[in-house]
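Each of the two complexes below includes chain A, the first together with chain B, the second together with chain C.
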Partner chain A sequence: MSSQAHEHQPLGGRVLTLPFLICAALVAVAGVILFQRYTQGLAAASNLNDGYPWGIWVAIDVVIGSAFGCAGYVIALLCYILNRGEYHPLVRPAVLASLFGYGLAGLAVLVDLGRYWNFYHMMLPWYAQPNSVMLEVGLCVATYTLVLVVEFAPAFLERFGIEGLRAKLNKVLWVFIALGVLLPTMHQSSLGTMMVIVGHKLSPLWQSQMLPVFFLLTAILMGFAIVVWESVMASLNFRRPMETPVLSKLAGLMLVVASLFVVLRFVDLIVRGQIGQIFGGPQSGWFVVEMVLMISGLALLIPKANRNRSRALFLSASLLLAAGILYRLNVYLIGFTPAVGPWHYFPSVKEIMVTVGVFALEIALYLLFVKKLPVMHAVHPEHG
Partner chain B sequence: MPDGHVDLDAEHIGDLDEYEGALAGLSRREFLTYCTGVAATLGLSPAFGVKIANAAVAAPRPTVIWLSGQACTGCTESLLRTHHPSLETLILDTISLDYNETLMTGSGHQAENWKQQAMKDNWGKYLMVTDGSIPTKDGGVYCKVASKTYKDAVLECAKGAAAVISMGSCSSWGGWPSTGVNPTGAVGLNEIIKDKPVVSVPGCPPNPYNFLSLVLHFVAFGKLPELDDKMRPKFAYGRLIHENCERRPHFDAGRFAMEFGDYGHRQGYCLYKLGCKGPETYANCPSVGFNDVGQGTWPVGTGHPCFGCTEKGVGFTKGIHELASLKSVAPPNSYPAVAVDKGEGMSAGAAAVVAGIAGAAVGAGAVISSRLGKQDAKTESSSTAAE
Partner chain C sequence: MSKNMMSKNMMSKNETSVSRRGFLRNAVKGSAAAAAAACTTMVAAPPEANALVRPPKPLPPDAVGLLYDSTLCIGCKACVTACKEVNHMPPDVGPAQQGWNAGGGDKPIYDSPVELSARTLNVIKAYSHGTGATKDAAENGFAFIKRQCLHCADPSCVSVCPVSAMTKDTRTGIVNHDPSACIGCRYCVLSCPFGVPKYDYNDAFGEIKKCQLCKQQLAKNELPGCADVCPTGATLFGRTEDLKAEAKRRTALKVGEHAHFPRGDIAGKVGGPRDGHEKLVEAAYQPHIYGEKELGGTQCLAVSAVPFDKLNLPTNVPENGYPTLSEGIQHTLYAGMIAPATVFAGLAYLAHRNTKNHTDE
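Let's turn to the complex of A and B:
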C-alpha cells in the first residue's frame, strides 16, 4: 500500500459541540467530587470499605477501561505483527482510544489509592516485591501508557510539522509497536491472575486457573468490538463513509474469539465440576446474563451478510462489549464475597459520577483530538 | 541408743553450709536461672534473681518446720512435681526443711526429737508451714501425732515461729474436711493461732511455685510479700481466675459450652454455664499452670470448670454445676450479632443513576441502530440499483 492511501487528516469542524459540552460538564462534576475525595478522604466520596477495598474505580475505570483501551493492542497485532496492511486506516484512532483508555485508567488508580502520594514507590526497585501480580500489572500498565504516547507521537509530529524527528522516530517505531503488543498480553492476563489469588472469595462460576486466559480473550474481544463500534459511530456522527469491508473482516475475528471464549468457559466449568452452579449457584443470574449477551452478540455475526450491515455490526459490537464489561464486573465485584462479613457494597452516587466523569473526559478528548490532529485517514473521493 | 536422746539421734546429714553442698549438685548457671525464674514468678526484676540466689545459699539457712493435719498430702505431693530444676532438692537445701512427715527419712521418737531440737535451736527464727485442717470437736482427738493433738502441736510450734504459713485450702480455711456436716469440727489455722499473722496459700493443691515464691521472698528480704485481706500473697491471689483465663474472650463474646462434650465444649468455649467458678475465685492458675508442661495445664485449660478450690464458701461448698456469682463483669442477656452487616448497600440515588445510565445506553443504542438500519437499507437498495 502506498503511503498516499493512508494519509491522515484532522476532521476539523467546531470543537464546542453539544456532546463536547455535556462531557465537559460531567468532567467538572467529577472534578468537584475529586476535590472532596482529596481533601476529606476516600470515605467522603465513595462507599469503599474493608470488605470491598476495590470498588468501581478499579473494576470499571481500570479493569474495564483498560479493556476498552485494547483497540490499539489488537489493531497493532493485526496490522504490524500479522502484517495485514488492510487494517492500517484503523491504527491511529485505535491507538488514540488506547491512549485515553490507559492514561485515564492510570489516573483512576491515583483516585482509588488510599496513600496515592506513595504511588511512585512502584517504580523503585528496592521497594519491589518481584513475585507480586499487582506490581506486574502496575509497571506494565505504566510502561504501556508511555509506549502508547510514543505510538501516537507521529500524529502530533505531523500536525506540528516536526518532520525530522518524525522520520527518526519512524525508524525505531517498530520497537515500540512490538512492546505495544507484548505489554497488554502480559498485563491483561495478569488482571485475571489477580483474582485467581482471592481464592474462594470469588464464586466458583468465575474462579478458575483459566482466569488469565479469559481476561486475555475478553481483552482481545473488547478490543475488536471497540474498534468496530467506534468506526461505526464515527462514520455516523462525522458523516464519513463506512469502513465496512475492513469491519466485516474484524467481525469474523470477533466471532472466532467470542466463540472460543464461550466454549472455553463451559469446558472450564465442566472440568472443574462446577457446571451445576449455573442453576442456583451464587450470583448465577449474572452468569446467565453475561452468557446471553455474549452468545446473542456472536450469533448476530454468524450470517455472513450481517457482517456487512452496519446495524448488525453495531448491535453485535455493543452486545459483545456489554458481555465483556459484565464478565469483568462479575469477576471483580459481583461474584466476589469478602471472607468475613457480611459486607455490602454498591457504589455511591459520587463514586459513579467520578467514573462517568472519567469516561466523559475520554470522549471529550477523543472528539478534540480527531478534530484537531491527523487521526482519521483522509477520505478520498473514490471512497465516498 | 535410748529413745529421747536428742543429741545422739540427731545425726549430721551432710555439709549443707558449704557452697557446693548448698547448690545440691546444680551448676552455678542452673541455680541462677532457677532463682531468676523465682524472681519472675514474684513479679520482680530479673536482677533480684541474684539477690535471691545469695540469700538461698547463705548460711545458716532458715529452718522450716512443716506440720500436717487433716489433709490428703496433696499439697506436699504437688510440691514434689515441680521440675525446673529438681525443686525438691532445692527446697531441702536452700531452706533447711527440718521436719516434714511425708518427706523426712526419720520416724517415731527420732523424728519428734529432731523437731524439738530444731525448734529449740532456731527459736523465734524458724518458718512454720502447715497443711491440713485442725479438728476442734471433742478436744481435737480426731488428729493426733505422738500422742499430742494436732491443735496442741500447732500452738506449741507457732510460739517460736518467725512466720506461719498455711499451705493449701484445708490449712487456710478448713478445706474439704470442714465442709458439709463437718464431723471433726475442722477449722483453718488462722482460727487457732490468733496472736500471729497466718499467711495462707490456699488451693487444692495450691500451685507449688506460689508457696516457693512466698518462702524465698521471706528468705531474700526478711519479710513477707504484700498480702490481701485474707492474708494471701497478692502476687498469686490478687486477681480473679476470670481475669486471666484464656477462655475469657469467649465469655465476652457470649460463646458458652452448655454441656460437657457439646459443640461449644469441643471448641473451647467459656465454661461459665457449666458452673465454672473462675469469676469468683482468686488465683493465678491460668497464668502459671501446673506441672511445668506448658500453657493450658490447669483445670479450665483441660475443659473442666474451675470449682473454686481456693475460696472459702465456694470450693467444696457450692456444687460443680452451680453458677458462679460474678464479681466483675456480668454477661448481658443478649449479645450483638457476630455477623453485623458492614458497608453501604445500594442507595436510591445510586440505583437511579445506574438505571439512568443503563436506560440512556439502551435508548441511544436503539436510536443509533434504527438510523443505521435506514442507512443500510439505502446502501443495499443503491447497490442493487447499481447492479
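Let's turn to the complex of A and C:
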C-alpha cells in the first residue's frame, strides 16, 4: 500500500499561471454568450438553422470532444484487458482527460438542446424510444461519465487519505473497468450509426453502413493519438522526462489502426461503387484532405526509428488527430447537404467562442487537477 | 515509474512476452481480417439479402392524407392562411416582404412565408423558368408545389426521437409531435428526408413544429384547414388508398380530356359532401406519383405536370425508408442485449484477473 501511495504525485506549483488565467477568461466569455443563448434562444448565439440543425456544438463539442475523451478507453483496454502493465503510468492522466472530455461533452449537449429542461426524459423508461440510436448514445455516455468518476475516484481518495474506502473500491474496480471498455465501444460506434438515417443528405463519400466501424476505429485511433500528444505536451510543459519507450509501442498500435481505417475506407468505396466520387464528387476535396492527413500521419510511423523520436511521434499524433477530427467533421457537417434547400451554415463567432470556452474549461480543470491531485506518475531523480 | 522499475518491468517482459506479443499481433491481424470480411459482406450484399435491413413498415389500416394536384393549384395560398388560422400559428414575414410602413413596429402587416418554418406548417411555392408564360410547363413556364409533412409510412423522425415525442398514430398514421416530451435535440429536423420538422431558434423556449394533418379538426369530423378552403380541389383529403387510386386516374388522363375533380374529402364524409367540378386537362401529367414509393411511401401524395425534381422535392431516393437500415444495424448489434452482455462478461473476467495480478494498481 505504501509503495502505491507514492506511485502517483501531485505536480504541485502555482495554480494561477498565465495559461490557466487565459483559459478562465475564455470560459467567462463563453458564459456571457450562454446567457444570451438561454434568454433569447439559439439564434442569438449561433447560426444554427433548420437546414443545419446540428452545428459545431454537436459536431465538435460532442462528436469530436468525446473522441478526445477516448484516451481512458484505449489505455484501460491495453492495461487491464490485454494486461499490458507497461501502460500503467498513462492510466490516470488518460482517465482524467476522458472524464473532462465526456463531462464537458455532456455539458455541451445541454447548451445545444432546444428544450434542455426536459433533458431527464432520456432517463425515464416511459419516454424511452428503443429504436432511437440517440437514446442508446445518450444513456451510454451518461453511464460512462459516471464510470469515469469511479475510475478516477482512487486519486481523490488517495489525496484525502480515505484509505478504507479506497481499498473497498479497489476490490470492485474491475467491474467499472469492464464497463469503461464496453460502453465507449458501444456509443462511439453508435455515433457513426446516428448518421446512417440521414441517407442521401450525406455525400456518398461518407454515407455507408460501415459508419459504426469507422467511428469505432477513429475513436480508438484518436484515443491513442491524444495519449501520445498529451504525454509529449506534459513532458515539455512540466519539464518531465519523456515516456518514449511506452509511447513508441502506442505508435505501433496507431499505425495498425490508421492503416486498417484507410484500407477499409477504400474497400468500402469500391464495394459501394462510389470510388469515382473521389474525383470531383461533392465535397471530394475534403475527402482528399482527410486521407492525406491520415496517410501522412501513419507513413511517419512506418520507419521503426521514428517511433522512438518524440518529434516524429508528436507530429504523427497531431496529423492522425487532425485526420480523425476531419473525418468526424466531414460526416456530421461538411459532407451533409440539407434535403430541401438552399441552406447555409458557418458557425458564428459567438458559437465558436462557446466551443472554445468548453475546451478552455477542460484545459483549466486538467491543469488544476494534475497540480493538486496524484494523477501523474512520480518521477524519482535519485533512481535516474 | 522510476527507471529502475521500468527496466525491471522490461526485463521480465523480455522473458515472458515473446509469445504474448506474438499472440497480440496475431489477434490484431485476425480481427482485421475478420472485420474486412464482415464489411465486404455487409456492403456488398444486395438490399433484399442484406441481413442488416429490417422489413419496411406497411401503411396503417386507416391511413389518411392529402392529394395535391399541382395542375389544379392556382397559387391563391388560401390554404396557407387557413392553416395559420386553424392551428393558431403566428404570421411569418419573408425578408423581401416587409411592409413599407411597418418600420419600428414588431407586428407585421402581411403574412408572407417563403418556406416551412416553426411559424408555417404549410406553404405554396412556385417554380418558374424562362419567360414563365405557360402554367404547368417546365420550359418557359411555371408551376406550384405545396409543402407540408407527408406523413411517411416509415418516418425517420419517429425512428430517431429518443423520448417518444414524435409518434405515428397506429390507426390514422398521422405523425404527431408532443412538445411536453421533447428535449429539443432536433434529430427529427436533421433526419427528415423531406426537410419538414422545424424548430424556433428565435425563442428561448422554442418548439418543434410540423403539420399534424389538423388532427384536432378531424376529431370534430371537419377537414384539415388546407383541404377545407381549397377552391379548386388541388388539395384533396381522404384515405391514402383512395387518394392513390385517384392519383392513378389523373396521371392516366390525356391532354384535351374533360375530367371530374372532387373537392374537400374524396369520400364526401369529412366536412360534409361538396360539389366537384369539370375541367379540361390542359397539361400532360407526369406518370410519377410523388409519395407512392419514395422512402417506403407517404400518406400525402402529389401529382404534377412538371417533374418533381424541378419542384425541389427529393427524387432518386430509395424505395425503403432509411430507418429500415439504421434500425436494422442497431437491432442486429443489440438484439436482446446478448452481444453487449457477452462482451461485458469477457471484459469483466479479464479485468478481474488482471487487476488481481498486480494488486498495487
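Basically, the second predicted complex is superposed on the first by the 375 of 384 C-alpha atoms of A that agree within 3 Å, B and C clash if a C-alpha of one lies under 4 Å from a C-alpha of the other, contacts with A are read in each partner's own complex, and residues count from 1 in each chain.
Everything that follows uses one rule, which is that a residue touches a chain if its C-beta (ideal position, glycine included) is under 8 Å from a C-beta of that chain, and two chains touch if they have at least 3 such contacts.
These numbers come from a predicted model, not from an experiment.
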**Asked** Aligned on chain A, chain B and chain C: do they clash or fit?
**Response** clash
**Prompt:** What is the contact status of A:G41 with respect to chain B (first) and chain C (second): first, second, both, or neither?
**Reply:** second
**Request:** With the two complexes superposed on chain A, say which partner A:N118 touches: chain B (first), chain C (second), both, or neither.
**Result:** second
**Message:** Quick check for you: in the superposed arrangement, does A:M233 touch first (chain B), second (chain C), both or neither?
**Reply:** first
**Asked** Touch check for A:N49: first (chain B), second (chain C), both, or neither?
**Response** both
**Asked** So, does A:N131 touch the first partner chain B, the second partner chain C, both, or neither?
**Response** second
**Fill in**
Per residue count on chain A, the busier partner among chain B and chain C is C
**Prompt:** After fitting the two complexes on their shared chain A, where does chain B collide with chain C, if the options are 8-16, 134-142, 170-178 or 260-268?
**Reply:** 260-268
**Item:** chain B/chain C common contact set on chain A
**Value:** 49-51, 341
**Asked** Considering the complex alone, what residue numbers of chain A touch chain C?
**Response** 3-4, 7, 38-44, 46, 48-51, 53-54, 80-83, 85-86, 88-89, 91, 112-116, 118-119, 121-122, 127-129, 131-136, 138, 170, 173-175, 177-179, 181-182, 185-186, 189-190, 193-194, 196-201, 208-210, 212-213, 245, 256, 260, 263-264, 267-268, 271-272, 338-341, 377-380, 383-384
**Message:** Looking at the complex, which residues from chain A come into contact with chain B?
**Reply:** 47, 49-52, 232-233, 236, 242, 309-311, 314-315, 318, 341-349, 351-353, 356
**Asked** Which bits of chain C are touching chain A when the two form their complex?
**Response** 1-6, 9-10, 13, 24, 28, 32, 35-36, 39-40, 42-44, 52, 116-118, 147, 156, 158-164, 179-187, 189-195, 198-208, 295, 312-314, 316-318, 322-323, 325-327, 329-331, 333-334, 340, 343-344, 347-348, 350-358, 360-361
**Prompt:** For chain B, which residues count as touching chain A in their complex?
**Reply:** 339, 341-347, 349-351, 353-354, 357, 365, 368-369, 371-373, 375-376, 379
